[in-house]
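All chains are identified by letter, namely A, B, C, D and E, in their written order; residue positions are counted from 1 within each chain.
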Amino acid sequence: MTTTTVHARTVAQFSRKKITTMAAPVVILAYFAYIFVSFDMAGLGDRINLNNARTLVSDTYSYKTHVAQDNRDGSVALSIEGERKAQYPEGMAPNWVTLGEVTTVDLGQGHLITLGPQVRYEIPGYGLVTARPGDDGVNAVFPVGDLPDFISASKNRVMIATDAGRLTITRSRAEVFKYNYGWELFFFTLDSSYYGMGAGQLLSHAFSGEAGAIMEDFWTNTMWRHGDVAWALFETLLMAFLGTFGAAIIALPLAFLAARNFTPLGSLRFVARRVFDFLRGVDGLIWTIVLSRAFGPGPLTGAFAMLLTDTGSFGKMFSEALENVDDKQIEGVASTGAKPLQRYRFGVIPQLTPVLLSQVLYYFESNTRSATIIGAITGGGIGLLLTQAIATQKDWEEVSYYIVLIILLVMSMDTLSGWLRRKLIKGDEGGH
Amino acid sequence: MLRLENITKTFGANTAVHAASFTVDQPMMIGIIGRSGAGKSTLLRMLNRLTDATSGVITFDGLDVTALRGTAKRNWQSQCAMIFQQFNLVPRMDVVSNVLHGTLNRRSTLSTMFNLYPDGDIHRAIDILERLGMAEHAPKRAEALSGGQQQRVAIARALMQDPRIILADEPIASLDPMNAQVVMQSLRDIHEQDGRMVIANLHTLDTARRYCDRVIGMRDGMIVFDGTPEQLTTGTARDIYGADASFSEATTSTQIETAEAAPKMLADIAAQ
Amino acid sequence: DAHAISEFRIGILGGENAQDRMNSNECLRIAVEDALGVPTRLFAPADYNGVIQGLLGGTIDLSLMGPSSYAAVYIADPEAVSPILVKINADGSTGYYSIGFARADSGVTSLEGMQDKVFGFGDPNSTSGYLIPSVEIPALISATMESGDYFGEVRFTGGHEQTIVAVNNGDVDGGVTWTDGQGNWEDGYTFGALRKAVDAGLVDMNDLTEIWRSRLIPGEPVVLRNALPEDVRATVTGIIDTMGETDPECATAIAGGEVTGFDPITHDAYTSIVAARLAKSN
Amino acid sequence: MVDQTENYANVADLSTAYLAQVKAKRLMNFIMLVLFLALLGAGFYTADSRNAGGFWDGIGNVFDFPEAMLGEAIERVQLMPGYLVKYLPSLIETINIAAASTLLGAVLGLFMSLLVTRGFAPVPMLVGPLRRILDVLRAVPEIVIALVLIFMLGGGPVPAMIAIALHTVGALGKLFSEVNENASLKPVEGLASVGASWTQRMWLGVIPQVAPNYLSYALLRFEINIRASAILGFVGAGGIGYDLRNTMSWGVGKYDEAAAIFILLFLTIVVVDQLSSIMRKRLTHGNSSAEVTL
Amino acid sequence: MLRLENITKTFGANTAVHAASFTVDQPMMIGIIGRSGAGKSTLLRMLNRLTDATSGVITFDGLDVTALRGTAKRNWQSQCAMIFQQFNLVPRMDVVSNVLHGTLNRRSTLSTMFNLYPDGDIHRAIDILERLGMAEHAPKRAEALSGGQQQRVAIARALMQDPRIILADEPIASLDPMNAQVVMQSLRDIHEQDGRMVIANLHTLDTARRYCDRVIGMRDGMIVFDGTPEQLTTGTARDIYGADASFSEATTSTQIETAEAAPKMLADIAAQ
C-alpha cells in the first residue's frame, strides 16, 4: 500500500464517517419532527391552561376559606375550601370574620367586605362597591369610570378578584374567598376540640391522659383522613412485597425448567419459556383486570397481578442466571457422590443467590412504584386516592401530600433495597 | 484392587480414551502423564463416574464400577474422591462447609438442605484442615483463599469422604511452584500415612518422577507407558509427549529453578 | 349457598372522589352491619366496571348503580343480581335525566353550537354519561357520535365528576352528566352529579349552561346479589326501603341528593335500557 | 477475622469457636427465615382480609373473565381483522409515545449522567444535588406526572410522553452514570492534554467507550416504556390503553374488540421484547465488530 | 523560553513537588529522572495544566502559564503536547481519528463531533504517521495496535498539535525494549528535526543518558540534580534514587540485556 493510496482511502473513509455520524442525528431530528406534527405540539400552546397550573401551584401551599351568604334567607356559612365537611360550626368563625346582624370580613390591607341584604366591598385605591342582590339581578353599584380588569360584572353576577381575596355575588349567593398559607385542618378538623391548639397545649393535654383522644381525632380527620392514607400506603407496600417475593418463590423452581443446562428436554423448555413470555407480556395492568373478576377490588388482586407479571420476569432472568452458572462447582459437589437435590443446593444455589437477591430487591423497589399504578386501576392503596384526588381537580394540597408520601415511600424502599443488597450479598453469609 | 479393562470413550467421532487397561494391586501413588488432549482427564472422570465409559469395564475389589446406577453409583463416588485442577469448590461458602460437602453422600438430603451437619463431622473437618495446615482459615470463604490454599481445601474435602481412592486431575497446574510442592507433598503424605490409593494426572515429568510409585503415560487416548519412574527415560518421555527433537524437560518443569537453567529460560523469553 | 354469610360488601359506583364516596355511604354501612351482625365494608373501585365485575364475581353484594351498569351485569349473567329498590325524588317521581352542558362563556347554547367541538362522555358504563346520549343525540343531529363526524372529537372523560371538571376547565367543550332536573340550575338542581359538584365547591353553576336534555331515564336501582341468603336479602332490603323514614339524612347521602326514600322495583323497568345496551354492543 | 483466629491456642479451641460461630449464624438465619415467612404469611392474610373477595372464594373463578372474553372473540372471529386495523393507529400512538420518550429521556439522561459522574462532572459541586434530582425523578411514578400534566395540558399523547421521558431521565441517568464509572479516564485525560473542550472530551473520549452499554440499557427502557405508555393510556393519556379500557369496561358486547386490542398490545410487547433482547445480547456480549462510529 | 519558579504542589498533607525551579533557554531534549513518587508526573502535569500548581509560577516566552483560564488555558495545552505512559488514546477509534484529536483545540466543538475535519488535516495526519512509520496502520482501531504502535500514535497526535513543547510522561515504561528504542528515537528525531523542546520523564538512567541533552533529577518532590548527562555519575544517581548501597543501574535498565546480566535478573525474580 503506497502512501498515496493511504491518503485517498482515509479521506474516503472520513467522508463515509461524516455521513454515518450525521445520519444518526438527522434521523432522530426527523423522527422528532414527525412526533411534533403527529402529537400536535404546535396546538399545545392553545391547549395549555396556565390558570390550572397556577391553581395547582398555589393550592399546594395555600388554602381558601369561603364565607358564603345565602341571599334568600340571609344565612352565612363558613367553610374551608367550600366543603361541607369543613364547615365552621354555628357561631364559630376565624378572627377576620365578625358574625352578627351583618357579617364583616376583613381581608386585610384595608379590604373590608360587609355581607347582609346589601353587600359592600371597600377596595383601597378604587372605592366602594355595593350590591343588593334580589330576584331582579345583582344590582351592583360601582364607582364612576370604566370597570377595572379585576371586576367582571353582568346583570346576574359580579366577580371581584383582588390580591386580598375574591368576592362573587349572584342573585342567590354572595361568597368571599380568602386565601391563607398552609394546609388547613391538617391535624384536626373544626369539630375537634383540639382544633387550633399549639404544640405545647397539645402536649399538656396529651400528658393529662388525652393522648388517645388526640390521636383518635388526628387519625380520623375527615379532611385529610390520615388513617385511611396510612392504610393506603401500607396496602401499596403490601402489594409490592407480596407480588415481588411471592413471584420470586414461584419463579425459582420454574426457572430450572427453562434453563438449557438443567432441562435437556427442548419442548419442556420451550413451554416454560413461552409461559414466562406470556405472563410478562400480558402485563400487570391486564392481570389486574382479569383477576378483579375473581377476587374483586383490593390489595390481594393487585398483589396477584404483580406476582403473575413478575413470575414471568423473574423466570426469564433466573433461567438466564442458571444458564450462566459455573459447572465446576456443581461437578465438584457431584464428584463426592452428592444426591441431585444436594447438587442443586450446594452447586447452584450459592452461585445464584447474589444474582437473584439483587434482582429481586431491585424489583421490590420498582414494584412499589407499579403498585401505585395498579392501585389506581382497581386494587386500592395510595394510587386510588391519588388518581381520584387528581380527577376531582380540586384538592391539590391533598394531591401534593400524596405525591410527597409516594416519593418518600419509593425512595425509602430504594434505600432499603440498596442497603439489603449490600448487606446480604457482600456480607459474609458463610455457610449459605 | 482396581482394574481397567479396555476402557474406551468416544465423543462423537473423536476417541478420547482408546482401550485403556491397567491393574493396580495395592494402594500406591500413580502419576498419569501425557500432553494436553491425551485423555488423562477423561480417564479419571470415568473412574469417578462423572463421565460414562463408552465401552470397557472398571472393577474395584470385584465390584463392577461401570455398571453402577443411582445410589450405588453415588456410593462409589464417595469412595473415590476427586480433586480438580480448578479446585471446583463453592467459592461463596466457608472452608469448613466446603470440606463438609465430602459427607453429603452419607447424610440425608433433608438435613443437609439447611446446611445442618453433626458436630462430630465439623470437628473432623477442622482436624483434617489442621493436618493440611489450613485450620486457621476454617471460617473464611473459599473465594478469599489463594489457589494453593483452595486446593488444600479440595484435598480436605476429598479426605472428608474417607475414600479408598483419591483421583487428582492436574492438581497443581494452576498453582505456583511453591504451592505446587505443598499440594503434592500433602497427597504423598495421605498416601503414605493413610494408605489410600492416589491417582494423579500430572502435566510435568519431574513431578511424576519425584512423587509417584508408578507412572502411566498416555498419548492420543492410548496408554503408551506403564512403569516405575526409573524406567521413564528422556527417550520414553519423548514418545509420550510426541517425538519432537526440540523436546526439553525443562519446559515442563515446575521445580524451582536452579541458576544454571536460567540463561536458557531467558533466551526463551527474549525469543518470544 | 343459603347459609350464613361471614361479611357483607357494599360497592360504590365511581364518578366521585373515593374518599367522599366512602364518607357518604358510611351511615349505610353502619346500619347494615348492625342489622346483619357481620363485618360490613365499603369498596370504591376506580370506575363503574370495578363494581360490575365485583357483582358478577360475587365479591360485592350490594350496590346502588346506574341502569346501564345494571344492564351490563344482567347481560353478562341474568342470574347474578336483581334490582330491589329505586330512589324517589322529592316530587315523588323516580327517573332522572341525562343533561348536556357547556361553559356559559363559550357561546355554546345548544347541540348545534357543539359542531366540530370536543364532546365528553363520562364512563362507558354510565347511562346518562354515555348510553342514553349516544342513542338520543345521533337522532337529533342526524350523524354518528364518531370523532370527526359531527363533533370534532368525542372522548370519554372517565366519570361524571371528571366530565364536569373537564367542561368547567375547557378541556372539553360540552359534556353529559346526570340530574333530576328539579329545583334551581344555580344549585345544580336538587340532585345529581352537578349538585354534588356544587356542594363540594367544584363549580359555580353560573359558569355553565344547559344545552340538551334527554327523555326521562328509569331511576337508578339498588341491586342485590341473588346468591345471598334470603334473610340477608330481606334485612338489607328492609333497611334501605325504610331509610327515607328512619334516617332521611342517610338516604340523601347515599342517593346523592334530596330524596324522600326508596320504592321497590323489578327488572321490568329496565328492559328498554337492556335493549339499548344490546344495540350498542357488537 | 485472621487476627482473631491466630490467637487460638489449639485446634480444639478453634473447633469450639467455629461451632459457636456456625450455631449463631444458623440461629440468625433461622430467625430471618421464620421472620420472612411470617411477614409473607401475615401480609397475605392482611391483603386477603382487606380485599373485597377472598382468595379461596375467588380462586375457582379466575378463568371466568378470560372465558367470557375468549368466548366472544371466537364467536365473532370474522370481525377480528377489522378491529386490528381499526386500532392500529392507537397502537402506533402508544409506540410513538414510548419511542419519543425513550429518545428524549436517553439524551437528557446521558447528559445528566455525565454531570453526575465524578471525574467527568464539569461542576463537581453539582454532583450531589443532581443525583438527588435523578433519585426524585426515578421515584415519582409516571402516572403522577402524567395526571398532573393532563390537568395543565389537556389530554393526548404529550403529557404521557413528558411523564415517561422524565422518569426515563431518572432511570437512565443513574444506569448511565454507573456505566460511566467503569469507563477509563485515560482517553479523557489524553484529550484534555490537547486542549479539548468538555463537550469534545465527553463526546470523543467517553461516549465511544460506553455507547454499547448505553444502547443496551436504552433498549431495555424502550421495552419498559411501551408498557408504561399503554398503562398511561388506561388512565387517560391517549393511545391503545384508552381504547382497551373503554372496550374492556363495556364488557359483554365489546369483549371481542378488547381481545383484538389485547392481541395487538401483547404481540407488540413480545416482539419488542425479543428484538431488544437479541440486540442487547449482541451489544454486550463480545462481537467487537459492533463498530461505533462517532 | 520556559521558566519554572518555585513550583509547588501539595495533595492534602503530601507535598508532591516542592519549590521546583529551572529555566530552559532554547529548545532541547530534557530528561527528568527520579524514583517512583518523586513528583515527575506531577511536574509534567502542571506544565500542561492538567493539574494546577499550589504555588509558584511557570512562564513561557513571558506568558504566565499558571494564570491561564478557560480558552487561553486550552490554547496553551494545544501548544504543549503531552504523551502518557498508558498512551491515553481513544481505543475504539481509528488511528487517524486519534491523531486528528490533536487539532480539537483549533476546530469548533460541533464540527469535531460530526467528524468534520478538513481534508488538509487528514492528509497532514497521514504524513505524520508516515514519518513515524505508521501509515499502513492508519485505518485500524487504536486498540488493535501493540503498545509501541499505540505510543507512536500518541506521538503523532502530539505532533498534530504542532506544539512548542512535547511533554512525555514515562513514554516507554509500558513498552518492551525494542519498542522503547523506536519511541525514544522518534522523540529525539522530532527534537532534532523540528527543533521542538522535549521534556521526558524517564524511569531509567541509561535512556536519559543516551537521548537527552540535559537531565533533571528529582527526589521527594525536589530537584536534586540539573546538568548534562555526563555530569550524572553513579554517585549522583545514587543520590537521586536514594542512597542505597544495593543500587545497581542494571535494575533500571531498559536496554536489551546481554547474557551476562541474566543470572542476576533471574535471581531477582526468584527472590520475589
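In this text, a residue touches a chain if its C-beta (ideal position, glycine included) is under 8 Å from a C-beta of that chain, and two chains touch if they have at least 3 such contacts.
Small disclaimer: the values here were computed from a predicted structure and weren't measured.
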If a chain touches chain A and chain C alike, it appears here: D
By number of C-beta contact pairs, the top two chains: A-D
Chain occupying the middle, per Cα centroid: D
Whole-Å gap between the CA centroids of chain A and chain B: 63
Between chain B and chain D, centroid-to-centroid distance (C-alpha), Å: 48
Inter-chain centre distance, chain C versus chain D - centres from mean C-alpha coordinates, in Å: 38
Per-residue overlap in chain A, given as positions that touch at least 2 other chains: 17, 21, 49, 52, 289, 293-298, 376-377, 387, 391, 393, 429-432
Where chain C touches two or more other chains, by residue: 9, 43, 53-54, 56-57, 59-60, 158, 169, 171
For chain D, residues contacting two or more additional chains: 21-22, 26, 51-53, 58, 61, 64-65, 151, 154, 248, 293-294
Sites on chain E touched by chain A in the complex: 94, 96, 113-117, 119, 122-123, 125-126, 130, 135-136, 138-139
Contact footprint of chain A on chain B as seen in their complex: 48, 50, 73-79, 81-82, 84, 86-94, 97, 101-102, 104-105, 109, 112-113, 115, 139, 141, 154, 157, 161
Residues of chain C touching chain A in the complex: 9, 16-19, 22-23, 43-46, 50, 53-54, 56-57, 59-60, 158-159, 161-162, 165, 169-171, 184, 186-187, 199-202, 204, 206
Interface residues, chain A side, partner chain E - complex: 1, 3, 6-7, 9-11, 13-14, 17-18, 21-22, 25
Complex interface listing, chain D residues touching chain B: 1-2, 5-6, 8, 11, 14-15, 18-19, 21-22, 26
